[in-house]
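Here chain A shows up in two complexes: once beside chain B, once beside chain C.
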Partner chain A sequence: MATKIRYQIIQIEVNEQGQIAEISHKLPLHLKVCTGFIARHTKGLTLANDLNEIGLLALEFNSRKQLLINAMVGFESKVEQLPDYQEVNIPLENGQLVTGYYMDTKQVSVSDFKPYVVSIYLRCELEVSIEAKECTTT
Partner chain B sequence: MYDYLNHINLQLEQRCIEPKLQQFRYLSLEPGLTRYEMKAYNEILFLIKPSQLPVGTVIVSECRSRVIPTDVAEVQGIEDFSGLVVIQLPGVPAKKKTIEFVQITL
Partner chain C sequence: MKNHKFQQVRVQVKDPGESVRFSAETDKQFARVRGIHISMPNDDVLVGTTLGLKINGTEIFDDAHEMRLITCGHQVAPNMKFFLFEENIEAGGSAIEGRVTDGGTMDQSSFPYEAKIYLWLVNDEPKTTS
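Up next, the complex of A and B:
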(Lines of atoms letter the chains of each structure in order from A and count residues from 1; the text may use other names and numbers.)
(Lines give C-alpha, C1' and ligand atoms only; values in the text may rest on other atoms or scores of the structure.)
Protein backbone atom coordinates (compact mmCIF):
# COMPACT_ATOMS: atom_id res chain seq x y z
CA MET A 1 0.00 0.00 0.00
CA ALA A 2 1.14 3.53 -0.70
CA THR A 3 -0.24 6.86 0.38
CA LYS A 4 -1.35 9.70 -1.79
CA ILE A 5 -2.00 13.21 -0.62
CA ARG A 6 -5.17 15.06 -1.43
CA TYR A 7 -6.02 18.61 -0.40
CA GLN A 8 -9.42 19.84 0.64
CA ILE A 9 -10.10 23.56 0.54
CA ILE A 10 -12.86 25.13 2.58
CA GLN A 11 -13.57 28.77 1.74
CA ILE A 12 -15.38 31.06 4.13
CA GLU A 13 -16.84 34.39 3.04
CA VAL A 14 -16.98 37.01 5.76
CA ASN A 15 -19.47 39.73 4.88
CA GLU A 16 -20.19 41.44 8.21
CA GLN A 17 -18.18 42.68 11.11
CA GLY A 18 -18.20 40.11 13.91
CA GLN A 19 -19.80 37.51 11.65
CA ILE A 20 -19.83 33.93 12.80
CA ALA A 21 -19.63 31.70 9.75
CA GLU A 22 -20.55 28.10 10.27
CA ILE A 23 -18.50 25.41 8.63
CA SER A 24 -20.02 22.15 7.52
CA HIS A 25 -17.97 20.34 4.93
CA LYS A 26 -18.30 16.73 3.96
CA LEU A 27 -15.02 14.98 3.27
CA PRO A 28 -14.81 12.41 0.48
CA LEU A 29 -15.12 8.76 1.44
CA HIS A 30 -11.64 7.74 0.39
CA LEU A 31 -9.70 10.08 2.71
CA LYS A 32 -8.24 8.19 5.65
CA VAL A 33 -6.24 10.67 7.68
CA CYS A 34 -5.81 14.43 7.93
CA THR A 35 -2.15 15.28 8.44
CA GLY A 36 -2.05 19.08 8.33
CA PHE A 37 -3.92 22.32 7.91
CA ILE A 38 -3.43 25.94 7.00
CA ALA A 39 -6.00 28.67 7.67
CA ARG A 40 -5.27 32.01 6.05
CA HIS A 41 -6.81 35.11 4.58
CA THR A 42 -6.88 34.71 0.81
CA LYS A 43 -8.95 37.54 -0.62
CA GLY A 44 -10.49 40.91 0.19
CA LEU A 45 -8.35 42.72 2.75
CA THR A 46 -5.73 45.26 1.74
CA LEU A 47 -3.99 46.51 4.85
CA ALA A 48 -0.60 48.16 5.18
CA ASN A 49 0.49 46.11 8.19
CA ASP A 50 0.27 42.54 9.33
CA LEU A 51 -2.38 41.59 11.87
CA ASN A 52 -1.89 38.71 14.26
CA GLU A 53 -5.58 38.06 14.47
CA ILE A 54 -8.48 38.77 12.20
CA GLY A 55 -10.58 35.85 13.33
CA LEU A 56 -10.93 32.66 15.32
CA LEU A 57 -11.32 29.23 13.84
CA ALA A 58 -12.64 26.04 15.40
CA LEU A 59 -12.84 22.74 13.55
CA GLU A 60 -14.31 19.45 14.61
CA PHE A 61 -13.80 16.23 12.69
CA ASN A 62 -15.72 13.01 12.18
CA SER A 63 -19.15 14.59 12.57
CA ARG A 64 -18.45 16.34 15.85
CA LYS A 65 -16.77 13.41 17.53
CA GLN A 66 -13.45 15.20 17.87
CA LEU A 67 -12.68 18.88 18.43
CA LEU A 68 -9.17 19.17 17.24
CA ILE A 69 -8.38 22.60 15.91
CA ASN A 70 -8.69 25.97 17.60
CA ALA A 71 -6.60 28.58 15.85
CA MET A 72 -6.26 32.29 15.26
CA VAL A 73 -6.26 33.46 11.68
CA GLY A 74 -4.00 36.40 10.91
CA PHE A 75 -3.37 38.73 8.01
CA GLU A 76 -0.09 39.14 6.14
CA SER A 77 0.31 42.30 4.11
CA LYS A 78 3.10 40.83 2.01
CA VAL A 79 3.08 37.13 1.39
CA GLU A 80 6.61 36.18 0.53
CA GLN A 81 6.39 32.54 1.37
CA LEU A 82 3.39 30.32 1.89
CA PRO A 83 3.18 29.11 5.49
CA ASP A 84 3.94 25.55 6.41
CA TYR A 85 1.14 23.19 7.23
CA GLN A 86 0.47 22.82 10.92
CA GLU A 87 0.88 19.16 11.66
CA VAL A 88 -2.08 17.13 12.90
CA ASN A 89 -2.85 13.46 12.82
CA ILE A 90 -6.57 12.92 12.65
CA PRO A 91 -7.90 9.53 11.54
CA LEU A 92 -10.95 10.13 9.39
CA GLU A 93 -14.10 8.11 9.41
CA ASN A 94 -15.60 7.48 6.00
CA GLY A 95 -17.26 10.54 4.50
CA GLN A 96 -17.96 12.35 7.74
CA LEU A 97 -18.45 16.07 8.31
CA VAL A 98 -15.87 18.65 9.22
CA THR A 99 -17.77 21.23 11.24
CA GLY A 100 -16.98 24.33 13.23
CA TYR A 101 -17.00 28.07 12.88
CA TYR A 102 -14.98 31.08 11.88
CA MET A 103 -15.62 34.27 13.82
CA ASP A 104 -14.44 37.66 12.60
CA THR A 105 -12.64 39.48 15.44
CA LYS A 106 -11.11 42.32 13.46
CA GLN A 107 -11.91 45.45 15.41
CA VAL A 108 -12.94 48.03 12.83
CA SER A 109 -15.93 50.31 12.56
CA VAL A 110 -18.87 49.02 10.53
CA SER A 111 -18.24 51.60 7.80
CA ASP A 112 -14.58 50.52 7.48
CA PHE A 113 -15.39 46.84 7.20
CA LYS A 114 -14.63 45.14 3.89
CA PRO A 115 -15.72 41.62 3.03
CA TYR A 116 -12.99 39.05 2.81
CA VAL A 117 -12.37 35.36 2.29
CA VAL A 118 -10.56 32.94 4.58
CA SER A 119 -9.46 29.59 3.20
CA ILE A 120 -8.75 26.44 5.15
CA TYR A 121 -6.51 23.91 3.46
CA LEU A 122 -6.70 20.39 4.81
CA ARG A 123 -3.93 18.02 3.81
CA CYS A 124 -5.33 14.50 3.79
CA GLU A 125 -3.98 11.12 2.84
CA LEU A 126 -5.58 8.15 1.21
CA GLU A 127 -4.24 4.68 0.87
CA VAL A 128 -4.01 3.19 -2.56
CA SER A 129 -3.11 -0.26 -3.68
CA ILE A 130 0.05 -0.39 -5.74
CA GLU A 131 -0.57 -3.81 -7.15
CA ALA A 132 0.08 -3.53 -10.83
CA LYS A 133 -2.71 -4.59 -13.07
CA GLU A 134 -1.79 -7.04 -15.72
CA CYS A 135 -1.86 -5.60 -19.17
CA THR A 136 -3.67 -7.55 -21.75
CA THR A 137 -2.91 -7.24 -25.39
CA THR A 138 -4.76 -8.67 -28.25
CA MET B 1 -42.89 20.70 22.66
CA TYR B 2 -39.58 19.51 21.28
CA ASP B 3 -38.07 16.86 23.52
CA TYR B 4 -34.64 18.35 24.11
CA LEU B 5 -33.53 15.67 26.57
CA ASN B 6 -34.13 13.04 23.93
CA HIS B 7 -32.18 15.17 21.44
CA ILE B 8 -29.27 15.46 23.88
CA ASN B 9 -29.18 11.73 24.50
CA LEU B 10 -29.23 11.05 20.77
CA GLN B 11 -26.42 13.53 20.21
CA LEU B 12 -24.28 11.89 22.87
CA GLU B 13 -24.95 8.47 21.42
CA GLN B 14 -24.12 9.57 17.88
CA ARG B 15 -20.90 11.22 19.03
CA CYS B 16 -19.93 8.14 21.09
CA ILE B 17 -19.90 10.10 24.35
CA GLU B 18 -20.60 8.32 27.58
CA PRO B 19 -21.37 11.00 30.15
CA LYS B 20 -20.19 10.69 33.72
CA LEU B 21 -22.92 13.02 34.85
CA GLN B 22 -25.88 14.85 33.35
CA GLN B 23 -27.41 17.67 35.35
CA PHE B 24 -28.69 21.22 35.09
CA ARG B 25 -26.34 24.14 35.43
CA TYR B 26 -27.47 27.71 35.92
CA LEU B 27 -26.00 31.09 35.14
CA SER B 28 -27.38 34.20 36.84
CA LEU B 29 -27.39 37.36 34.77
CA GLU B 30 -26.90 40.28 37.13
CA PRO B 31 -28.02 43.85 36.48
CA GLY B 32 -24.96 45.88 35.50
CA LEU B 33 -22.92 43.03 34.03
CA THR B 34 -22.70 42.27 30.31
CA ARG B 35 -19.92 39.69 30.07
CA TYR B 36 -19.87 36.24 31.62
CA GLU B 37 -17.40 33.39 31.44
CA MET B 38 -18.25 29.79 32.19
CA LYS B 39 -15.62 27.11 32.42
CA ALA B 40 -16.83 23.99 30.69
CA TYR B 41 -13.61 22.08 30.12
CA ASN B 42 -14.28 18.39 29.59
CA GLU B 43 -17.92 19.26 29.67
CA ILE B 44 -20.67 20.00 27.20
CA LEU B 45 -23.25 22.67 27.99
CA PHE B 46 -26.50 22.49 26.08
CA LEU B 47 -28.34 25.81 26.03
CA ILE B 48 -31.87 24.55 26.22
CA LYS B 49 -33.81 27.83 26.12
CA PRO B 50 -31.88 30.29 23.96
CA SER B 51 -34.85 32.69 24.04
CA GLN B 52 -33.94 33.43 27.68
CA LEU B 53 -31.04 35.47 26.33
CA PRO B 54 -31.55 38.88 24.74
CA VAL B 55 -31.39 39.19 20.97
CA GLY B 56 -27.85 40.03 19.87
CA THR B 57 -26.14 38.10 22.67
CA VAL B 58 -22.91 36.54 21.44
CA ILE B 59 -21.88 33.16 22.82
CA VAL B 60 -18.36 32.02 21.97
CA SER B 61 -16.90 28.66 22.89
CA GLU B 62 -14.21 26.35 21.65
CA CYS B 63 -16.53 24.29 19.50
CA ARG B 64 -19.38 26.59 18.60
CA SER B 65 -20.32 30.25 18.52
CA ARG B 66 -23.70 31.83 18.10
CA VAL B 67 -25.39 35.19 17.98
CA ILE B 68 -28.92 35.04 19.38
CA PRO B 69 -31.09 35.92 16.36
CA THR B 70 -34.15 38.17 16.29
CA ASP B 71 -36.48 35.22 15.65
CA VAL B 72 -35.07 33.14 18.51
CA ALA B 73 -38.57 32.53 19.92
CA GLU B 74 -39.40 30.44 16.84
CA VAL B 75 -36.19 28.42 17.01
CA GLN B 76 -36.61 24.99 18.58
CA GLY B 77 -33.12 23.60 18.14
CA ILE B 78 -30.64 23.56 20.97
CA GLU B 79 -26.90 23.93 20.70
CA ASP B 80 -23.97 22.90 22.79
CA PHE B 81 -20.86 24.72 23.92
CA SER B 82 -17.69 23.59 25.60
CA GLY B 83 -14.31 24.77 26.81
CA LEU B 84 -14.28 28.39 27.89
CA VAL B 85 -17.76 29.73 27.16
CA VAL B 86 -18.00 33.50 26.92
CA ILE B 87 -21.40 35.17 26.91
CA GLN B 88 -21.49 38.82 25.85
CA LEU B 89 -24.84 40.55 26.28
CA PRO B 90 -25.72 43.43 23.93
CA GLY B 91 -26.72 45.64 26.86
CA VAL B 92 -27.09 45.74 30.61
CA PRO B 93 -29.96 43.52 31.80
CA ALA B 94 -32.66 45.42 33.69
CA LYS B 95 -33.27 42.65 36.19
CA LYS B 96 -31.73 39.45 37.41
CA LYS B 97 -32.31 36.46 35.18
CA THR B 98 -31.34 32.80 35.29
CA ILE B 99 -30.11 30.97 32.23
CA GLU B 100 -30.45 27.23 32.15
CA PHE B 101 -28.06 24.69 30.63
CA VAL B 102 -27.90 20.92 30.62
CA GLN B 103 -24.39 20.07 31.74
CA ILE B 104 -22.77 16.89 30.50
CA THR B 105 -19.61 15.95 32.37
CA LEU B 106 -17.28 13.74 30.37
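Up next, the complex of A and C:
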Protein backbone atom coordinates (compact mmCIF):
# COMPACT_ATOMS: atom_id res chain seq x y z
CA MET A 1 0.00 0.00 0.00
CA ALA A 2 1.34 3.40 -0.94
CA THR A 3 1.93 5.86 1.87
CA LYS A 4 0.42 9.31 1.84
CA ILE A 5 2.56 11.25 4.32
CA ARG A 6 5.36 13.38 2.91
CA TYR A 7 7.69 15.66 4.85
CA GLN A 8 8.63 19.00 3.36
CA ILE A 9 11.82 20.49 4.78
CA ILE A 10 12.51 24.20 4.62
CA GLN A 11 15.99 25.27 5.74
CA ILE A 12 16.84 28.79 6.81
CA GLU A 13 20.40 30.05 7.20
CA VAL A 14 20.85 32.75 9.81
CA ASN A 15 24.08 34.68 9.26
CA GLU A 16 23.64 37.85 11.29
CA GLN A 17 22.40 38.77 14.71
CA GLY A 18 18.77 39.92 14.58
CA GLN A 19 18.47 38.80 10.96
CA ILE A 20 15.00 38.56 9.48
CA ALA A 21 15.09 35.76 6.94
CA GLU A 22 12.37 35.59 4.33
CA ILE A 23 10.85 32.21 3.56
CA SER A 24 9.42 31.31 0.19
CA HIS A 25 8.97 27.63 -0.56
CA LYS A 26 6.83 26.11 -3.27
CA LEU A 27 4.97 23.01 -2.21
CA PRO A 28 4.55 20.16 -4.67
CA LEU A 29 1.21 19.95 -6.47
CA HIS A 30 0.25 16.60 -4.99
CA LEU A 31 0.19 17.73 -1.34
CA LYS A 32 -3.34 18.38 -0.12
CA VAL A 33 -3.14 19.07 3.59
CA CYS A 34 -0.52 19.98 6.18
CA THR A 35 -1.12 18.02 9.38
CA GLY A 36 1.87 18.97 11.52
CA PHE A 37 5.06 20.92 11.84
CA ILE A 38 8.28 21.21 13.81
CA ALA A 39 10.65 24.15 13.64
CA ARG A 40 14.04 23.60 15.19
CA HIS A 41 17.70 24.50 15.25
CA THR A 42 19.56 22.09 12.98
CA LYS A 43 23.20 23.04 13.23
CA GLY A 44 25.63 25.83 13.98
CA LEU A 45 25.04 26.57 17.66
CA THR A 46 26.92 24.74 20.40
CA LEU A 47 25.59 25.82 23.78
CA ALA A 48 25.75 24.06 27.13
CA ASN A 49 22.12 24.72 28.07
CA ASP A 50 18.73 24.68 26.41
CA LEU A 51 17.25 27.99 25.26
CA ASN A 52 13.51 28.49 25.03
CA GLU A 53 13.86 30.97 22.24
CA ILE A 54 16.48 31.67 19.62
CA GLY A 55 14.02 33.07 17.10
CA LEU A 56 10.45 33.63 16.05
CA LEU A 57 8.71 32.12 13.08
CA ALA A 58 5.64 33.17 11.12
CA LEU A 59 4.39 31.05 8.23
CA GLU A 60 1.74 31.85 5.69
CA PHE A 61 0.12 29.25 3.47
CA ASN A 62 -1.47 29.21 0.04
CA SER A 63 0.59 32.11 -1.34
CA ARG A 64 0.11 34.58 1.52
CA LYS A 65 -3.62 34.04 1.84
CA GLN A 66 -3.48 32.78 5.41
CA LEU A 67 -1.06 33.44 8.26
CA LEU A 68 -1.44 30.18 10.10
CA ILE A 69 1.67 29.41 12.12
CA ASN A 70 3.37 31.56 14.73
CA ALA A 71 5.98 29.79 16.79
CA MET A 72 9.06 30.25 18.92
CA VAL A 73 12.10 28.27 17.88
CA GLY A 74 14.25 26.99 20.72
CA PHE A 75 17.62 25.31 21.15
CA GLU A 76 18.08 21.86 22.64
CA SER A 77 21.54 21.14 23.99
CA LYS A 78 21.02 17.40 24.52
CA VAL A 79 19.08 14.68 22.84
CA GLU A 80 16.24 13.81 25.19
CA GLN A 81 12.64 13.13 24.14
CA LEU A 82 11.55 12.14 20.67
CA PRO A 83 10.37 15.43 19.10
CA ASP A 84 6.60 15.75 18.64
CA TYR A 85 5.00 17.40 15.66
CA GLN A 86 2.67 20.27 16.50
CA GLU A 87 -0.70 19.14 15.15
CA VAL A 88 -2.33 21.46 12.63
CA ASN A 89 -4.85 20.96 9.87
CA ILE A 90 -4.20 23.31 6.98
CA PRO A 91 -5.78 22.58 3.60
CA LEU A 92 -3.32 23.29 0.79
CA GLU A 93 -4.16 24.72 -2.57
CA ASN A 94 -2.38 23.09 -5.51
CA GLY A 95 1.31 23.96 -5.72
CA GLN A 96 1.07 27.22 -3.78
CA LEU A 97 3.82 28.91 -1.81
CA VAL A 98 4.59 28.67 1.87
CA THR A 99 5.96 32.05 2.81
CA GLY A 100 6.88 33.88 5.96
CA TYR A 101 9.69 35.13 8.11
CA TYR A 102 12.14 33.88 10.68
CA MET A 103 13.61 36.48 13.02
CA ASP A 104 16.70 35.80 15.11
CA THR A 105 16.09 36.88 18.71
CA LYS A 106 19.06 35.23 20.39
CA GLN A 107 20.57 37.90 22.56
CA VAL A 108 24.33 37.71 22.25
CA SER A 109 26.92 40.31 21.42
CA VAL A 110 27.77 40.69 17.74
CA SER A 111 31.23 39.20 18.30
CA ASP A 112 29.74 36.09 19.93
CA PHE A 113 27.25 35.46 17.17
CA LYS A 114 27.69 32.26 15.18
CA PRO A 115 25.76 31.46 12.00
CA TYR A 116 23.24 28.67 12.35
CA VAL A 117 20.57 26.79 10.44
CA VAL A 118 16.92 26.39 11.39
CA SER A 119 14.77 23.74 9.70
CA ILE A 120 11.02 23.68 9.38
CA TYR A 121 9.48 20.25 8.86
CA LEU A 122 5.98 20.24 7.43
CA ARG A 123 4.16 16.93 7.66
CA CYS A 124 1.86 16.88 4.67
CA GLU A 125 -0.53 14.34 3.21
CA LEU A 126 -1.30 13.47 -0.38
CA GLU A 127 -5.02 13.09 0.21
CA VAL A 128 -7.51 14.83 2.42
CA SER A 129 -8.86 12.33 4.93
CA ILE A 130 -12.52 11.42 4.65
CA GLU A 131 -13.39 13.14 7.91
CA ALA A 132 -13.44 16.84 7.15
CA LYS A 133 -11.73 18.61 10.03
CA GLU A 134 -11.78 22.22 10.98
CA CYS A 135 -8.65 24.18 10.01
CA THR A 136 -6.40 24.31 13.08
CA THR A 137 -3.28 26.41 13.46
CA THR A 138 -1.02 27.91 16.10
CA MET B 1 5.25 -17.36 15.89
CA LYS B 2 7.04 -14.20 16.88
CA ASN B 3 5.14 -10.98 16.51
CA HIS B 4 7.93 -8.47 17.03
CA LYS B 5 11.46 -8.06 15.82
CA PHE B 6 13.95 -5.23 16.03
CA GLN B 7 15.91 -5.47 12.81
CA GLN B 8 19.24 -3.68 12.84
CA VAL B 9 20.94 -2.03 9.89
CA ARG B 10 24.46 -0.76 10.55
CA VAL B 11 26.01 2.03 8.52
CA GLN B 12 29.62 3.03 8.95
CA VAL B 13 30.58 6.68 8.43
CA LYS B 14 34.31 7.22 7.94
CA ASP B 15 34.77 10.95 7.32
CA PRO B 16 33.18 14.27 8.31
CA GLY B 17 30.42 15.21 5.89
CA GLU B 18 30.47 11.80 4.21
CA SER B 19 27.29 10.56 2.55
CA VAL B 20 26.86 6.78 2.71
CA ARG B 21 24.29 4.82 0.76
CA PHE B 22 23.00 1.58 2.23
CA SER B 23 20.55 -1.10 1.26
CA ALA B 24 18.96 -4.03 3.05
CA GLU B 25 15.82 -6.11 3.08
CA THR B 26 13.17 -6.41 5.77
CA ASP B 27 12.68 -9.81 7.39
CA LYS B 28 10.21 -11.84 5.31
CA GLN B 29 8.43 -13.20 8.38
CA PHE B 30 7.01 -9.84 9.44
CA ALA B 31 4.15 -7.97 7.84
CA ARG B 32 4.83 -4.33 8.55
CA VAL B 33 7.33 -1.80 9.85
CA ARG B 34 5.89 -0.16 12.91
CA GLY B 35 8.67 2.28 13.76
CA ILE B 36 12.29 3.34 13.53
CA HIS B 37 14.99 4.30 16.00
CA ILE B 38 18.56 5.41 15.37
CA SER B 39 21.35 4.79 17.82
CA MET B 40 24.49 6.90 17.48
CA PRO B 41 27.73 6.64 19.46
CA ASN B 42 27.24 10.13 20.92
CA ASP B 43 24.81 13.02 20.71
CA ASP B 44 27.29 15.37 19.06
CA VAL B 45 27.42 13.44 15.80
CA LEU B 46 23.64 13.82 15.48
CA VAL B 47 23.96 17.54 14.84
CA GLY B 48 23.01 18.13 11.21
CA THR B 49 23.24 14.43 10.32
CA THR B 50 20.47 13.30 7.99
CA LEU B 51 18.80 10.06 6.95
CA GLY B 52 17.00 9.44 3.68
CA LEU B 53 14.91 6.26 3.62
CA LYS B 54 12.84 4.35 1.10
CA ILE B 55 11.05 1.11 1.88
CA ASN B 56 9.66 -0.91 -0.99
CA GLY B 57 10.39 2.01 -3.31
CA THR B 58 8.23 4.44 -1.30
CA GLU B 59 9.90 7.51 0.12
CA ILE B 60 9.58 7.54 3.90
CA PHE B 61 12.11 10.28 4.61
CA ASP B 62 13.69 12.72 2.20
CA ASP B 63 17.53 12.76 2.11
CA ALA B 64 17.51 16.02 4.13
CA HIS B 65 15.52 14.53 7.03
CA GLU B 66 17.42 15.11 10.23
CA MET B 67 18.17 12.03 12.33
CA ARG B 68 17.44 14.01 15.48
CA LEU B 69 13.75 13.90 14.61
CA ILE B 70 13.65 10.13 14.81
CA THR B 71 15.81 9.48 17.84
CA CYS B 72 15.89 10.27 21.56
CA GLY B 73 18.08 9.85 24.62
CA HIS B 74 18.78 6.74 26.69
CA GLN B 75 16.50 7.90 29.52
CA VAL B 76 13.49 7.06 27.36
CA ALA B 77 11.99 3.57 27.92
CA PRO B 78 12.97 1.02 25.23
CA ASN B 79 9.58 0.71 23.54
CA MET B 80 9.05 4.48 23.63
CA LYS B 81 12.26 5.23 21.75
CA PHE B 82 10.77 4.49 18.37
CA PHE B 83 9.39 7.02 15.94
CA LEU B 84 6.13 5.28 15.01
CA PHE B 85 4.91 5.31 11.46
CA GLU B 86 1.32 6.45 11.21
CA GLU B 87 0.78 4.47 8.06
CA ASN B 88 1.12 0.86 7.05
CA ILE B 89 4.64 0.35 5.79
CA GLU B 90 4.86 -3.12 4.36
CA ALA B 91 7.74 -5.33 5.47
CA GLY B 92 7.71 -8.96 4.24
CA GLY B 93 11.02 -8.81 2.39
CA SER B 94 10.71 -5.21 1.18
CA ALA B 95 13.81 -3.50 -0.15
CA ILE B 96 15.27 -0.84 2.14
CA GLU B 97 17.34 1.87 0.51
CA GLY B 98 18.78 4.80 2.35
CA ARG B 99 21.44 7.42 2.70
CA VAL B 100 23.16 8.63 5.85
CA THR B 101 24.86 12.02 5.50
CA ASP B 102 27.11 13.15 8.31
CA GLY B 103 26.49 16.69 9.58
CA GLY B 104 30.17 17.60 9.24
CA THR B 105 30.30 19.27 12.63
CA MET B 106 32.83 16.93 14.32
CA ASP B 107 36.55 16.64 13.67
CA GLN B 108 38.26 13.51 12.33
CA SER B 109 38.90 12.12 15.83
CA SER B 110 35.19 11.16 16.09
CA PHE B 111 35.47 8.94 13.00
CA PRO B 112 34.78 6.29 11.98
CA TYR B 113 31.49 5.74 13.78
CA GLU B 114 28.56 3.46 13.20
CA ALA B 115 24.94 4.58 12.88
CA LYS B 116 22.66 1.75 13.99
CA ILE B 117 19.21 1.90 12.47
CA TYR B 118 16.58 -0.23 14.22
CA LEU B 119 13.37 -1.10 12.41
CA TRP B 120 10.53 -2.36 14.59
CA LEU B 121 8.87 -5.14 12.61
CA VAL B 122 5.50 -6.52 13.67
CA ASN B 123 2.91 -9.03 12.58
CA ASP B 124 -0.16 -7.38 14.07
CA GLU B 125 -3.22 -6.40 12.06
CA PRO B 126 -2.53 -3.37 9.87
CA LYS B 127 -4.16 -0.14 10.91
CA THR B 128 -6.92 1.06 8.66
CA THR B 129 -6.03 4.32 7.03
CA SER B 130 -8.62 6.66 5.67
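In this section, the second predicted complex is superposed on the first by the 123 of 138 C-alpha atoms of A that agree within 3 Å, B and C clash if a C-alpha of one lies under 4 Å from a C-alpha of the other, contacts with A are read in each partner's own complex, and residues count from 1 in each chain.
Rule of thumb we're sticking to: contacts are C-beta pairs under 8 Å (C-beta built on N, C-alpha and C of every residue); 3 or more make two chains touch, one makes a residue touch a chain.
The structure displayed is predicted, hence computed values, not measured ones.
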Query = Is A:107 contacted by the first partner chain B, the second partner chain C, both or neither?
reply = neither
Partner chain in contact with A:67 - chain B first, chain C second, else both or neither = first
Ask   = Is A:9 in contact with chain B, with chain C, with both, or with neither (first, second, both, neither)?
value = second
Request  = Mind working out whether A:78 is in touch with chain B, chain C, both or neither, as first, second, both or neither?
outcome  = second
Task = Tell me which partner A:86 touches in the superposition: chain B (first), chain C (second), both or neither.
result = neither
Request  = Please name the chain, chain B or chain C, that touches the greater number of residues in chain A.
outcome  = C
Task = Please indicate which partner A:94 is in contact with in the superposed arrangement: first for chain B, second for chain C, both, or neither.
result = neither
Query = Now for A:24: first (chain B), second (chain C), both, or neither, which partner does it touch?
reply = neither
Query = Taking the superposition as given, does A:121 touch the first partner, chain B, the second, chain C, both, or neither?
reply = second
Request  = State whether A:42 touches chain B only (first), chain C only (second), both chains, or neither.
outcome  = second
Message = Quick check on my understanding: which residues of chain A belong to both its chain B contact set and its chain C contact set?
response = none
Message = With touch defined as at the start, can you tell me which chain C residues reach chain A in the complex?
response = 43, 46-48, 58-62, 64-66, 68-73, 75-76, 80-83, 86-90, 103, 105, 126, 129-130
Task = Spell out the part of chain A that touches chain B in their complex, as residue ranges.
result = 18, 20, 56, 58, 60, 63-65, 67, 70, 100-101, 103
Complex interface listing, chain B residues touching chain A = 14-16, 58, 60, 62-67, 82-83
Query = What does chain A use to touch chain C in their complex?
reply = 1-7, 9, 11, 38, 40, 42-43, 78-83, 117, 119, 121, 129-131
